[in-house]
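Look for chain A in each of the two complexes below; its partner is chain B in the first and chain C in the second.
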Partner chain A sequence: MTDETMVERPGGREVKDADDRAVKEGREMQSEQQREDGGGAASADGPQRDAGERRKREHVVGPVSEFPDGSHRVVDVGGRQIGVFNIRGSFHALPNICPHQTGPVCEAKQVVGTLLATEKTDWDPEWVKDGEVLICPWHGLEYHIPTGQCLAFPNIKLRRYDVSVEDDQVVIRLSSRASPSK
Partner chain B sequence: MAETVVTETRRQRKEPLTDLLVVDLDVHLHESPGELAPYADSPWDVALDNIKDNHEHYLDMPSFSPGVSDGSYQAKFPTAHEGARMVHDQGQMRDELDELNVDLAVLFPDHLLKLPVLTQAPYASALARAYNAWMLDKWTSQEKGLLGAIIADSHDPQDAAREIEKYADHPDVVGVYLPCAGIDPMWGHRMYDPIYQAAHDADLPVLLHSVTVTHPVFPFNNHGFDTELGRHACSHTFSIMANIVHMITTGVVVRYPNLRIAVTEAGLSWMPFLCNRLDKEYLERRRDVPFLEERPSHYLKRQFWVSTQPIEEPENMNDIIKMIELYDGEDRTVFASDWPHHDFDHPMKVNQIPFPSEEMRRKVFGENALELFRIDSAGRRLNLS
Partner chain C sequence: MSEQRNRGAGLPILGPLAVSEDDEKCLVVDADDEEDWVVRFDKSDAFPAREWADSMVNVYNRRVHSPRAGTAAARRAARP
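This part shows the complex of A and B:
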């Protein structure tokens, strides 16, 4: 997203003027979910080209010490704003664009839990998913961080970027499809 | 919501928001007792000064904007939703509206959205006078595209009429704000005639704006709802509808046929309902409204402008077009963001509505507002005497 027509948004975010396209990039696309895993990394063209492609897509965003447990931060990765979350040692990476109205979803000041009620609880609310719920600052839409799932709308899911810790560095791999974090 | 994020790439080329004239019918500045005190008449300046260091809850401050609102009757769980955003000065407003691609905006208050719930009439009208003077001094600027709606306080219609006459030819004033939250009796009552008359004479539209409160008057006696979702769903919406019904059924629309009336923050989906319901009532009860010469929906469609915010988000955004067509609203629907409030609309969401023509897109985003306010695309009034 290095387009010249980037515009500033309240809160200091930069997105394309074509907001719909930006939102699409943030949303996990149905077609991406259907593609098989490992299509990019396991290329048949040989190790050298393969390694080069992997290096091109890798982004080191910082030492793991700068992403303590329970914290989250928006980083710039190849022109994209990505929120990196450390939930009890597991890392997750989500786009900083809410599919609702392009709000800075990962700039939530705190990660929280939420209320659910089921038949099992006799429809009484329980506080659940503590530390795993991202609430968009703009309009309050809730997302389950580990899965990207929007709690209000089952057909809306944030894409999850490939994030891992390697040699004490937090690494994000940008590919053309969303790879579910393991 | 899946449909709402898909771009209609095969339609005619959409004008980008940066190129569209965007007039925002409803944005909110932030006022406080300390800021109004220097503009307030004696002895009310003493009272405002007295509370200026008090803690300010969002839209909730004793002796300024009292009363329950914004979920105070229920449990408060941790959240990251920034529901109490405020804009504190003209510069901040202009910067943030630029980021939203808004060109011209009409300013409304924060706390004084609840003005009608104050029981002390002379204090309330003093607040309105102080707010009007302060707003025009510190906030509005036609050059910067920040225009003002002056408050008409319902507690003292004669005083409100004097305020309208005072500012009738102010270049920054484009409308008269009629507060609806907790108002009793509702707009339409003949005691408010001096206000309609003054607005009519000044060729200023009246702009109805409500807010969620719990107050013992219809439709704000909403304590029966468990949740803020229930209260909020039925506050702006029911308030605006009820006030419109009152204004039509008391004959305001007939006695002031050239008075332009805009309503805010209720979305637009109720318009077809109201048109149809009133027409059906008219069949049986025409003699309740003998002054109407046409069916009620004709007045509603002709004399009322409806702002989009909070724009409804059905699974198929084309439903919005269907609803606008049902009330012939192509020339009466106007964009509003409600920035910076908790349920503001970024223009990109309204821009996702599959308008059947670029002409309609331009009308909703700006041209209808120019017509409503009698201003040009730079925000200059065309109706100054």
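This part shows the complex of A and C:
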């Protein structure tokens, strides 16, 4: 292996090389997050632009076994903190920053659900989104993890990073060209 | 070690932040890469998206990128 670049992993182990860490282009993007990030389509300027500006930086953040069902943890990825969540086998990744006062939202002690009262329930509160809600430890703002949606303020949304499992490893892709959807 | 040090402090996920705005929304973005966003504030229903975004950026940049950032005193001051 040549030109190996060692990168510190969250657990303190050093494993990745340049090929793992960065720049695997041209991969077919399939997930919803990937589509939001504009993955897949070639740019009008051709492959060189894709290579230079639209790179997908892949980061292995650990084996799946370190992210058991119902767990979450914050990892350092490319110099930023990202919360990784395993909700019933589905992985999600959000920035560790609350839009309210920039608290470490992903460091919530536990993931919960929330109460919702609607006309449909005759305004009786019902427990919904069980295991899918994150509560900021600083001031208690709630976020729906799978969508990044703030529950109290529908106009606020956290970015969702593309995360997947490949060869029993959890992989986060950072795209410098993000296309935020509603 | 750095991960441990950052815990609970809400310390950097990126470099300084900035606001990127269009007709529909305000995005809080990496000041060095406006396409690298972290939070979206939608302008619909007269929501004060710009105010929210400016507030987030100001709080974050002041806390994380001021000369005193990282000190215990700065963390205490930043946490309301």
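Operating definition for what follows: the second predicted complex is superposed on the first by the 120 of 182 C-alpha atoms of A that agree within 3 Å, B and C clash if a C-alpha of one lies under 4 Å from a C-alpha of the other, contacts with A are read in each partner's own complex, and residues count from 1 in each chain.
By our rule, contacts are C-beta pairs under 8 Å (C-beta built on N, C-alpha and C of every residue); 3 or more make two chains touch, one makes a residue touch a chain.
Worth saying up front: this structure is predicted, and the values here are computed from it rather than measured.
In the superposed pair of complexes, A:I135 makes contact with chain B only, with no contact to chain C. Of the two partner chains, chain C is the only one that A:Q81 touches; chain B does not reach it. By the touch criterion defined above, A:F153 lies against chain B and chain C together after alignment on the C-alpha atoms of chain A.
Judged by the touch definition given at the top, the superposed model places A:A108 against chain B, while chain C stays out of reach. Residue contacts after overlaying the shared chain place A:P99 against chain B and chain C alike.
In the superposition on chain A, A:A117 contacts neither chain B nor chain C. The residues of chain A shared by its contacts with chain B and with chain C are 10, 99-103, 137-139, 153, 155-156. On the chain B side of its complex with chain A, the touching residues are 1-2, 5-7, 16-18, 77-83, 96, 99-101, 340, 342-346, 348-349, 351-352.
Interface residues of chain A, counted against chain C in their complex, comprise 10, 74-76, 79-82, 95-104, 107, 137-139, 153-159, 174, 176-178, 180, 182.
The residues of chain C lying in touch with chain A in their complex are 2-3, 6-14, 25, 27-28, 33, 35-45, 47, 49, 52, 56, 59-60, 63-64, 79-80. Contacts from chain A toward chain B in the complex involve residues 7-10, 17-21, 23-24, 27, 99-103, 108-113, 115, 127, 134-140, 153, 155-156.
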